[in-house]
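Structures for review follow.
Next come two complexes, and both contain chain A; in the first it sits with chain B, in the second with chain C.
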Partner chain A sequence: MAVGDRRVLGRTLRTTGSYLLLSLLSVVILLPVWLMIVRAVSPPFVYIDRGQPWFPVEADWGVFADAWSASDLGRAMALSLAVAAIITVGQLLTSIMAGYAFAFLDFPLKRILFVVILATMLLPAEVTLVANVRTIRELGWLDSLPGLTVPSLATAFGIFLLRQTFLGIPPELRDAALLDGFGHYRFLRRVVVPISRPTIGSLALITMLGAWGSYLWPRAVTTDPSWNTVQLVLRQLTTQEVDSANLAVAAAIISAVPILVLLLVFQRQIIRGLSAGAVKG
Partner chain B sequence: MLDGLTKRFGDLQVVDHLSLEIHDREFFVLLGPSGCGKTTVLRMMAGLDAPTSGTITLGDTVVNHLDPRRRDVAMVFQSYALYPHMTVAENIEAPLLGRGGSRREGRAARARQVREAAEILGLGELLGRKPAALSGGQRQRVALARALVRRPQLFLMDEPLSNLDAKLRTRTRLDLVDLWRQLDATIVFVTHDQVEAMTMATRIAVMADGILHQVGAPTDVYDDPDDLFAATFLGSPPINVLEVADLEPSTNGLGPLPTGTTQLGVRPEHLRTVSEDAPAGELALLRGTVRGREALGHEVHVVARVGARDVVARQPAHDATPAPGSPIILGFHPSDALAFDRDGARVR
Partner chain C sequence: MLLPTLVLLGVFAYFPLTRLVHMGLWRPNRFGTRETWVGPANFVEVLTGEDFRTGVWISARYVLLTVPIGLLLGLVLALAAHRRLKGIRVFQTVFSSTIASSAAVSAVVFYSLINPKIGRFGDVSWLSLADPDTALRGVALSSIWQNLGLTFVIVLAALQTVPDELLEAAALDGFGSVRRTTKVVLPLISPALAFLGVVLMVSAFQSFAQVELLTGGGPAGSTETLVFKIFERQSPGSISEGAVMSIGMFAITFVMTMVQLTLTSRKVHYGGR
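The block that comes next holds the complex of A and B.
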């Protein structure tokens, strides 16, 4: 066999190998999603004795419409969307401004303040839950947008992430901007934020996902069902009768759609953001 | 004009009572080894660092407490400091925006200024590109365009040529001098490269360890240095420093030296090989052995061991030199030798 042929063969084998591995990984990731769909469209009493089927049994695709109408999923999703949007915008604003201050400004107690902020990352949300809920109640913010959003408008993680990113901006750019006559605001808006866009995008996405999926906090500060967020509605559905258990699964699938759309739309930015640290440029 | 300018970082004295007068329309070069404080001087002039003491005057105004943007100076950074996310045109436009010029004259006027600056530096084709898509030389020109778009009183340049390859650097030196003439501007240029200083400057200031050693026209500093540091920093290969005590009094033929002389500086181009039997005439002679020769094509550097040190002589390319290891006599005119005292100060 000629050397060239052997090389071609080697390459073919390698390519085949990587595609096999990727296919396998795709199956591992997609299988649960598929099983969810199967479970949603198959009426529970059909398979309840036989265990989870691999393919739909007596498929009833109307289940999604049923799930939508049986609960107030639409309202809950709108509420969650609003909550997630407010939290994301708020967190971006506070993280960008605080990150900028810690990266570029000099002020008394800067280090100590930063350490204090970082230290809050060590406390799990559960630890502060009771105290925070009491505060919200005293403010009269139970069952309200402020109650759902305000405590999440600033996080140590966001501030830390952006401070680190901003510190990575070459100091000469700050000098150049000073000479170009940029004040802090203009430097922030025209240089710092555009340069850090991948990281800011990642932070936005992480925050949005976190807010959309959060359960504990909304559960703690809402009493009125009309203030139920998506996750609370899903939880309610799962505790209803066994023979309509597939409704909850269908609702869960519906609730994932906005996230899916978000991921698809921002796919390129997300990949760039996640690999921003790894691959320069 | 700088008066008694001092900068301390903690205990570290970076610039020590520096006083300098830079004239209008001068190409002034601050020359010194890395870490000598020259960049700090530039940054203080720009307003990026505040002096610990001393005053900086631009024109008739003391600018110590003025923001960089109110000083009417532009700076070209060693790394160019281009905004990576902006196009070439936006980079050049940035100083016009920051100045907060009246909005009414606005867009069209700015676009015209950007075009003019780009034209001067031959960047017309590249206006839509981002810095990442430019070569080093192109980036450097964008940095220059960004500096001159505002037509400032004073240009500060921090080793702007050091990131270019050797060939491009030589060409850019000439381009910069052309640009300086064309703009009719004052340039303060920082470098550690004595060739840049010699070729471009109208005057140079030699600095070391935060202290100013000498100010003058490049050839004056080269021919008539005030101290050993200025003498050794200019010239390649550097000046030969000889201990007077090492020289044999009977053979050196130096004649009387100024009192206090402990060291002599002799430039390599002032040394030539002398054959044993030729009359020495009024030359002072150094006897040693050949260590090696470095042929550069247009000239040869002969390295000879004289006493405990190496002495370099610069000779025409085709002169015969003795083989390594053989004895050699190098002669120089006593009037070409520069005399220094124990502290390195010039004795005349």
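The block that comes next holds the complex of A and C.
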């Protein structure tokens, strides 16, 4: 065999090996999802008698419709959507305003206030939970949209991220805008926000992702099942009888579909948002 | 422009801190109608007490069960998917897909797999949810799986910042692919790994959803993480204890973040030097 042939062979083997490895890893990651789908569509008596099959047995795809109607999933998803939308819009507004102030304005105590805001990153929601639940109760906000959303309307992360982005805007642009007679509001709307759209988009997406998946806070400030978010409906379903386990599993699948679609459509933006802070550039 | 932010963070981040201290010093009666002074002694009593200690211990074990394995798996996935191949985007999408799964959804995934009554692997002894010695492992598994996507995308993003020329230069110097990875790539992405480590540690230390859905804290309280214990202490009779535990947890996560940040800022490579 000529040297060239051997090199080609080596490369082909390496490529094949790569594909094999990647496929194997994909199977490992997706296996739980596959078994979950099998579990959902197999009627309970099938696996109670024989253990769960690897492939669907007597598949009953109606389980998704059943889960939808049995668990009030439509209402819960609408509520979760509303909560996520309010939190996302609120966080964008507070982050843009505060980020702008720290990037473009001069005011007394600026550095101290920035540190005060940033320091809340060290203060996880789990720590303040007990006290905040009491505050929400005193405000009469248990089982309400304000209770579910208001404490999450401002975060140090969003402010920090946007301040960094705004600081990257060339000062010449600011000067040019000033010459054109732009006030702060017009400069913000016409220049700063459009230029920073990619970062703002990423922030919006990961905020929405977080709000949709949030569990502990909604769990703590709701008492009435009709205020259950999607995630709480899953809890309700898993604590029920074993016979209805396939409903819980089907509901979990349905609840993840919107996020999966979001992830597929905005993969790049979401990844940029998630890795902000970890990776420069 | 800052006002909304300052009000919100004031009311929901700083006020609760002082409020927790107050709640720790005063204990309400059974109906929550009157409070009596219990003083700093309450802090000592709770923070040295059995419940807090086991909560910290279980949460710490949970961190050890999830973070090192999670980081390693994420690194393996990212190294495997960081190459130029046709269709590599498909694999990258698959590897990042668990981002779409919330903590509750991944708990249901593993509920369907390892629940002792209904799970395909419910009788696998080393991660049985029915055995106090192993239940935490089962819970940890769902957390590892859920975080795989996040870990993968962050490590991959870091890998993509490593300049090709550097790797080519290392190859010319006779570095094989293993040495290129350990001597060039890993040092360069260590800041991202450190960041990820902190994020994963803090979040694992505070896990709640997986625990509540998979085991409800059982069997025999063996999976009652610190947050789980705090969550259960919200009635008038126990809220004072819950508040002190919250402050204890704050101290621990604070120290955790600080220690790891200072340690890693010395060891990791930030370029330039």
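Simple rule for what comes next: the second predicted complex is superposed on the first by the 221 of 281 C-alpha atoms of A that agree within 3 Å, B and C clash if a C-alpha of one lies under 4 Å from a C-alpha of the other, contacts with A are read in each partner's own complex, and residues count from 1 in each chain.
As a convention for this text, contacts are C-beta pairs under 8 Å (C-beta built on N, C-alpha and C of every residue); 3 or more make two chains touch, one makes a residue touch a chain.
Note that the structure is predicted; figures quoted are calculated from it, not measured.
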item: Chain B versus chain C as contact partner of A:213, first or second or both or neither; value: second
item: Touched partner set for A:88, first chain B, second chain C, both or neither; value: neither
item: Chain B versus chain C, judged by how many residues of chain A each one touches; value: C
item: Touched partner set for A:149, first chain B, second chain C, both or neither; value: neither
item: Which superposed partner A:194 touches (first chain B, second chain C, both, neither); value: first
item: A:238 touches, of chain B and chain C: first, second, both or neither?; value: second
item: Contacts of A:178 with chain B and chain C, given as first, second, both or neither; value: first
item: Chain A positions touched by chain B in one structure and by chain C in the second; value: 281
item: Residues of chain A defined as touching chain C within the complex; value: 15, 18-19, 21-23, 25-26, 29-30, 32-33, 35-36, 39-40, 47-48, 51-52, 93-94, 97-98, 100-101, 105, 113, 116-117, 120, 122-124, 126-135, 150-151, 153-154, 156, 159, 209, 212-216, 219-220, 231-232, 234-235, 238-239, 242, 245, 248-249, 251-252, 255-256, 259-260, 262-264, 267, 270-272, 274-275, 277-281
item: List of chain C residues in touch with chain A within their complex; value: 1-2, 4-6, 8-9, 11-17, 19-20, 23, 76-77, 80-81, 83, 85, 88, 91, 93-105, 107-113, 115, 117-120, 145, 148, 150, 153-154, 157-158, 161, 191-192, 195-196, 199, 202, 206, 208-209, 212-213, 216, 227, 230-231, 233-234, 239, 242-243, 246-247, 249-250, 253-254, 257
item: Interfacial residue positions of chain A with respect to chain B in the complex; value: 170, 172-173, 175-182, 186, 190-191, 194-195, 197, 281
item: Residue ranges of chain B touching chain A (in the complex, touch as defined); value: 43, 46-48, 67-69, 73-75, 77-79, 81-86, 94-95, 97-100, 132, 146
